[in-house]
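What follows is subunit A paired twice: with subunit B in the first complex and subunit C in the second.
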Partner chain A sequence: MRITIKLFATFRIGRFAEVTRDYPAGTRIADIIGELHIPEKEVGMIMLNNRHAEPDQELHDGDSLALFPLVGGG
Partner chain B sequence: MADLDDFLRTHAAGDLLSWKWQVDAAKQFRTHLARVEEAALAMGILPARYQRNRQAISVKDQLKLFRSRVAVIGCGGLGGYVIEELARLGVGTIIAIDPDVFEEHNLNRQILSTPATLGRAKAEAAAVRVAEINPAVTLVPRQEAYTPENGEELLHGSQVIVDALDSIQTRLALAKTCTDLGIPMVHGAIGGWYGQVATQFPGDDTVQKLYRRWVEGKGVEQKLGNPSFTPALVASIEVAEACKIILGEGEPLHHRKLSVNLLEVVFVAVDMEHAPSGEPGRKRD
Partner chain C sequence: MTERILRINMTTLSSAFEEVPAEWQGLGGRALTSTIVAKEVPPTCHPLGKHNKLVFAPGLLAGTPAAQSGRLSAGAKSPLTGTIKESNAGGTAAQSLARMRIKALIIEGAPTEDRFYGIRINKDDVTISEETELVGTGNYEVIKTLIKRIGQKVGVLAIGPVGEMRMSAANISVRDPDGNIRSHGRGGLGAVMGAKRVKYIAIDDTGGAGVEVKDPEKFKTAARAFAKAILEHPVSGEGLPTYGTNVLVNVLNEAGGLPTKNFRYGQFEGHDKISGETMRETIIQRGGKPKHGCHAGCIIQCSQVYCDKEGEYVTSGFEYETIWGIGANCCIDDLDIIAQADRVMDDIGIDSIESAVIMGVAMEADIIPFGDGPGVLKLLEEIRQGTPLGRILGNGAAAVGRAYGLTRVPVVKGQGIPAYDPRSVKGIGITYATSTQGADHTMGYAVATNILKVGGFIDPLKKEGQVELSRNLQIATAAIDSTGLCLFVAFPALDIPETMTAIIDMLNARYGTALVGDDVIALGKRVLKTEHAFNLAAGFTSADDRLPEFFEDDPCPPLNSTWTFTGEEIDEFWNF
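This part shows the complex of A and B:
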């Protein structure tokens, strides 16, 4: 299945801004976060097809996943 | 004070009152510049310093701003710019809350810091700056940390709370205090080239939703630091939000988070209304 991944802010550094890749059926959001070597505690927000999502959610063909890091400075 | 009103009417040029006459009126009637400003605005006379606020802000709106009270939590990177802009906008009372003193590593971005203010309290520096740029505005410096315990005393009576904190944990506590007090909170946070803004109205739990995945510690700012331009931009958006809330105009970032990336110039607004709720600060599996 084809999944589009969009990374925001620091997650782009050394990775990419947006990419579409093939993944086997049953792939979960957490699998992709792990594959990208993003520590899960750095993930502030996960959007799946513009809706908020959880790491354990399974992905489906054509899904668009967006990952935002935590920002907290002032 | 009918005499003051007469004085202002006599010395206004059209509907503008110059600074010179505002100062003269305060002296002559042995009153505060703030009192003169309110009297002028109430008669539809605009202190000339605000003439470029028009037509964005009418004389009536200017009076609303003058009669409003905004609390700024944090007088550092975001807070310095927020206070500067609120004072120039003409918000009548600003509560500036920060327990810290300026240190050398603040000088790259914190507008209230200068080599001369190193070691001085940030809240005091805010009072000095506002007295310089707009003496008709009252700035109340509070050199102490906001805590859930003193929150009500510090924030009671404010129309808007502006988040200029640098701690996620304190922000989450502040969001709860704002909810308890029924006061809108403008949230802003920065790190490196990145920032975010969202406005939480009483009854929303936007800030909690924003940080529901947070467990401990800081965000991207830990690694990236904070250059000068990101706080200035995010603070400006926060002040625009505060202004809209006070005036009841426009469309605030209600149920939305604006995510800002200045490195690649990407601005994205994310829906927060349908974001899941949850208690931040809990370890997950």
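This part shows the complex of A and C:
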């Protein structure tokens, strides 16, 4: 299945801003976080198709996954 | 020497230092400005008339070595909203006033003749003199001239041409340590200053007695714990200094809550070009400063210095709300044009958030097309000149909407809705609706818990828990705004319990009091209730605590969310 992964803020450093890749069925968000060597505790926000998501959620073909470190402003 | 109230009467052009009345003793910042306005300003008065008063108050911790403690509150009845108003800003003025033991500065009355004045405050005397040279000039020139006239360290509060012309979106500028500009942005307080015919207030704290800390040892320990919590939290310790507040462009875009094309959509195609990530790269490439503090003692440093392609200074304090507003909201994906607009807005003295909403509505009205960056600069020039169109624009988004017969006008109580779509971030919608000051995200920043997952998580798309969240945040914010601490201390405060303890310890060490957490909450509640009572007496009702109806009728793509709160549900807010 095709998954688009978007990284933001410091997560981009040494990685990428956006890629679309193939993953086997059953891949969870946590698997991708692990593959990218992002320590799970550094993950502030996970957005799956524009909604907040949790690491143990399974992905589906065509999903768009966005990962942010803890950031803020206002 | 004890603390004093400085009262300046612009009808008689006189001034007096007064004792601080007992009931104002424990107050500072917003608690003090709102208490004074509520006590001394008739709620039904004309905001630009002689009965309104403009009050400045440093926060309770101003002038101490505490990190983040240099914010100044300004209050009055707002010409933009007709409600009570408090707006706070960084810069050097709060610390200078505190060092001279001036707990509040009240400007009242108004001259009968159309002349402008400059006020100069020294430790024991005040001079009010007619100003001719600087009338009509922008804030950058005012600050430069006053530094030349008075000295390198002079503190400045000033209005630009927009304030002189008493337009409802006018702000008050405060010089920062580098001679650049921070602003009391929201609510048109610059028009109140203009109505009092005060072009500037120059503050020279030479020889000031300094702030008295009752228990310096205890203060030091608490201040250290406070600074530690700030630097430990990922948002205040790393996120804000690295990307500034503009990191939010991409966050809100992902969450479908980045208001685009005058609140038509929740995502903007050009988001990456105006994002915090791109901005940081651009700043570093051009030799600007990616982090910078708006006052001495700021260790978070969310501000920055943005330069043009030639490496020349353009603007600082270049914030998410401005970039969202002139950017996504106006469909402009060019950071350089947005930065230029930011500089012009600072210079002419107009609130950048209101201006952003004004420009969106002006595009809705087809005065200029969406995406027209040079057009925005042209309209800002009309405002500076005070042309008839410029005056309609300078009186706020609601005025433009009325003049052009529009319904898609994103305002609450006449004040422009900032950078978070209430349909996709429902908690902030409750804050817009219920805030005592019109739509203002800083009054109860539910975005933290709805989107950023700071202080827990409440689903932004559901109604459950939003009213309570906004209420708790508005109470806490009213208290923090009274300490004079920059609101960004709320990020560590929401997650690290020692932060609040340290703030209370600092207050107790400073004043020799024995406050506990509940006292601080009680102070926050009292401030909100005082402000609410003023508004009710000014003629507001719960029917004013509502969002514009297009948020109920028009779904916001990509989530296609709508605003579904009933009036009854919103009114629950005031049950405390």
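Worth pointing out:
Criterion: the second predicted complex is superposed on the first by the 71 of 74 C-alpha atoms of A that agree within 3 Å, B and C clash if a C-alpha of one lies under 4 Å from a C-alpha of the other, contacts with A are read in each partner's own complex, and residues count from 1 in each chain.
FYI, a residue touches a chain if its C-beta (ideal position, glycine included) is under 8 Å from a C-beta of that chain, and two chains touch if they have at least 3 such contacts.
As the structure is a computational prediction, the values presented were derived from the model and not from experiment.
Look at subunit A after the overlay: subunit B and subunit C clash there.
In the superposition on chain A, A:37 makes contact with neither subunit B nor subunit C.
By the touch criterion stated above, A:9 is placed in contact with subunit B and with subunit C alike.
When the two structures are aligned on the shared chain, A:54 is found in touch with subunit B, with no touch to subunit C.
For subunit C, the stretch among 133-141, 367-375 or 439-447 that collides with subunit B in the superposed model is 439-447. Comparing which residues of subunit A touch subunit B with which touch subunit C, the overlap comprises 8-10, 12, 17, 42, 44-45, 47, 50-52, 68-74. Those residues of subunit C lying in contact with subunit A across their complex are 234-236, 238-240, 242-248, 250-251, 254-256, 272, 276-277, 302, 319-320, 441-442, 445, 447-448, 451-454, 457, 459-461, 487-488, 491, 558-559. Residues 8-10, 12, 17, 40-47, 50-52, 54, 68-74 of subunit A are the ones touching subunit B in the complex.
Those residues of subunit B lying in contact with subunit A across their complex are 74, 76-79, 163-168, 171, 188-196, 210-211, 213-215, 218-221, 223-224, 226, 231, 257, 259, 261, 264, 266, 268, 270-271, 274-276, 284.
Against subunit C, in their complex, subunit A makes its touches with residues 6, 8-10, 12, 17, 42, 44-45, 47, 50-52, 66, 68-74.
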